[in-house]
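Residue numbering begins at 1 within each chain, and the chains themselves are lettered A, B and C in the order written.
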Amino acid sequence: MTPLLEVRSLSKFYPIKRAGRGARLHAVDDVDLTIGAGESVGLVGESGCGKSTMVRLLGRLIDPTAGQVLLGGEDLTAITQAKFASSASRRRIQVVFQDATESLNPSFRAFQAIADPLKRLLGMNNGAEMDRRVLATAALVGLPEELLQRYPHQLSGGQRARVGIARAVAVEPSLLILDEPTSALDVSVQAVILRLLADLRARLAMSYLFVSHDLNVVRLLCSRVVVMYLGKIVEIAPAEALFTAPRHPYAQALVAAIPDPARRGEARPRLDGSPTSPIDPDPNACRFYGRCPKGADICTKAMPPLRAVGPDHFAACHFALSPHGGIDER
Amino acid sequence: MAQLEIDNLSVEFRTRHGVVRALDSVSLSVTRGEIVGVVGESGSGKSVTAYTVMGLNDEAAQITKGNITMGGIDLLAARPEAMRELRGREMAMIFQSPRTALNPIRKVGKQIEDVLQEHAGLPNRDLRKAAIAALARVRIPDPERRAEAYPFELSGGMCQRVMIAMALACTPSVLIADEPTTGLDVTTQAVIMDLIRDMSRSTRMSTLLITHDLGLAGEYCDRIAVMHAGHIVEIASTEALLDRPAHPYTRQLLAATPVPESRLEDLNSIPGHLPDLRGELPPCRFSGRCERRQPICDEAELPWTELSPAHVVRCRFPLS
Amino acid sequence: MSLVTLARNTGYAFGENRLTLVAVIILALLALCAIFGPYIAPYDPLVTSATTKLARPSALHPFGTDALGRDILSRVIVATRLDLGMAVSAVALSFVLGLALGSLAGYFGGWTDRIVGRAMDTIMAFPLFVLAMGIVVALGNSVANIIIATMIINLPFYCRFARAEVNVRRELGYVEAARMGGNGSLRTLLNHIVPNILPPMMVQASLNMGWAILNAAGLSFIGLGVRPPTPEWGIMVSEGASYIISGEWWAFMFPGAALVLAVFSFNMLGDGLRDLLDPRKRV
């Protein structure tokens, strides 16, 4: 069974102007990932880990430096992103952006915002068919018809979130990438939007890539979670397995850092410091070495590959393989 | 004895769209060494409370009634010069978005020295050493070198530590932290919150932690005050609030906040929306969204019910 | 912005800023003079009279007469069309061309930005008025060439502004969403970004109008462009200047006042527009 999305050796390097050395910033470095049809995958990691770059690469807003992105077997990276905008496959991947980044055009009414992709991608031309489709999508996301004539600044946070979602699902994509869709919302509104997203996924048979810094939310919505660090994937696991028994030290620190009222007053091991530089990192050393509570000679000699540590569970750490947490000497 | 006491505070803002009654009869106290969380959603008035205590509201704000005392000093009656003296020395505030709250064109060491010079009265030659010591206290590695850095050279977490260092440089007795970790990664958030908690305990500082994250407040605060639309609806010890919430809003907020054990089907949203703070408001500002509402809730004055000495709730029909 | 909000904000802008209201009234009057000038002028502006040379302002000639006996009031009124017309044309052309060049430079960056940037730098390297003079002399003395010269020296102003505004918006969520929605680069720029930068650009245009008026009048003042006997404020000030010493102040004063009034009103309008478009500014 071909997975819906297949990412092979995807890399994105940005050249940094330094005295004639051709230094490059490794935003995303040799990433492999698959997303199945109808699956909801979470993508987490701290700022600078490459998740925003992944969103842009998979959303085909930027071109990769190396590697491929295959959607249903078709290589999307065969053409540049500029040409992709007018290709037939553009409608198959859509992104829901963060409200905080002004994701709605201030001079477009809600109706226009939802109608625009229908016009461009489905060739609908301001006719009855387009109107019907916009109204149907608005109903699908729970946006009352009378709000369609409003501008973004006249809508509440929750309503804006719905417009952003409607705009993305109007063209019925196969893969929906969600970049922090609820981080700007109050918790009272968040639950409704999350349930809406879960509902939509089932109804429109979409796959999700859900990027968030809020691990509790990721746990609610995703069946599988990918953890990134400094441009590389360090762990992939089923959601429950990641949160109950993470294997990579970074993932462990991440899970331990989630505020938990039940653990009040407990002193827990904390991950201090900052990540090492993403500019021309040593290809033969683990990126987490130095900041990692564990560390051995092998960590500086060989980049740990992503290896199976359990059913459907992969971690890129020399310490992760052996069950008692010792170093895998293989 | 409470170090910081807010008593029956009401604040209004005159805007071109009408008078916004941002705070109504807010009462809260913090004792030495205590961390009290003020939890609320956007529009709840938690930041307004913080700014009013610090005396940082703009001219449109009017304090229509109430008192704020800190260590016996009446803050509302204090002259601007007196407030300026207190700010930085006796009471300090740390803000959201640390990188934008620091002066971008001044080295961080110098910014700490500025605070010390203004409030600690140290001789000039001791300033640099004191600034480096302040950076070391917040566990910034290599403080002598970091003191020479500009904010843009430091990460968000580092900047927040610098802001904490500045706030605590003169060991104030009151610290107000306004969403100090929003926008920071969860790993950095944990470190910063641990730091705030440790410094509060060791210097016996009264700390007001303002946040929208009930989970965060649950882990770090001794007591929590929940705010809704300019009212404090409930104050209780953390255990009591999380296990036996008495106000319907508190209960709904808890049910809407995802915690590790949550399931999507169980997560609820809170129906309705905030009342317009400019118009006619019923005595209970939550009544429009409350399922337990009775006619009397919209007529009679809202009482404070004391469920136990440390647990008060502003509701006629609190949950048992 | 919906019409209702626009109307309400207009009310606020005028209520809080009486000067804006005054400015709009004055501009309305000037516009009337521009459109209906020849019909409302009491006398024919070109008719000379040897007997009433340099007559003081009186009931018969409220603004007095000039050295050739022409009624100054009529000439001032009729000149409005030319002065405002030149300024509006020049500003409109600069606006459109500057918007186009600046948006392209701001959105695409790279070589587009470099070429446009160098072109604007070249224009700004000269003292602008001197450049305008040079252009009119090179192209020939005519109203059209005054407009072209004014347009050219105003271009960098709009170009830079558009470039900066587009640059700021280029990375926003809705621009990326537009590209996700199948809009090509040019269409994204035109349909999604430009509508958002038009309001601040119009504020700039309004503030720029006063400058454009002065520029056009200034060129005429030094004898370039408009030729006598065409009534135009700049020429009238120039002609009247010779008579200050002999005490006939009205010859230059009234056209000068008209210039001041027009410039002042446009500036006030620009300030008012700025308030109108940013209602969050005031408490």
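Remarks
The criterion applied here is as follows: a residue touches a chain if its C-beta (ideal position, glycine included) is under 8 Å from a C-beta of that chain, and two chains touch if they have at least 3 such contacts.
Everything numeric in this text was worked out from a predicted model, so none of it was measured.
Compared with chain B, the chain whose C-alpha mean position is the greatest distance off is C.
Top-ranked chain pair, ordered by C-beta pairs in contact, is A-B. Per-chain CA centroids place chain A at a distance of 32 Å from chain B. The mean-CA centres of chain B and chain C are about 52 angstrom from one another, to the nearest whole unit. Residue positions of chain B with contacts to 2 or more other chains are absent. Chain B meets chain A in the complex at residues 41-42, 139, 141, 155-158, 185-191, 193-194, 212-216, 218-220, 238, 242, 252-253, 256-260, 262-264, 267-270, 273.
Interface of chain C with chain A (complex): residues 1-2, 172-174, 176-185, 187, 192, 195-196. Residues 56, 59, 61, 82, 85-86, 90-91, 94-95, 97-99, 101-108, 113, 116-117, 120-121, 151, 154, 164, 167-168, 171 of chain A are the ones touching chain C in the complex.
Contact residues of chain A toward chain B in the complex are 46-47, 156-157, 186-192, 194-195, 198, 213-217, 219-221, 243, 253-254, 256-261, 263-264, 267-268, 270-274.
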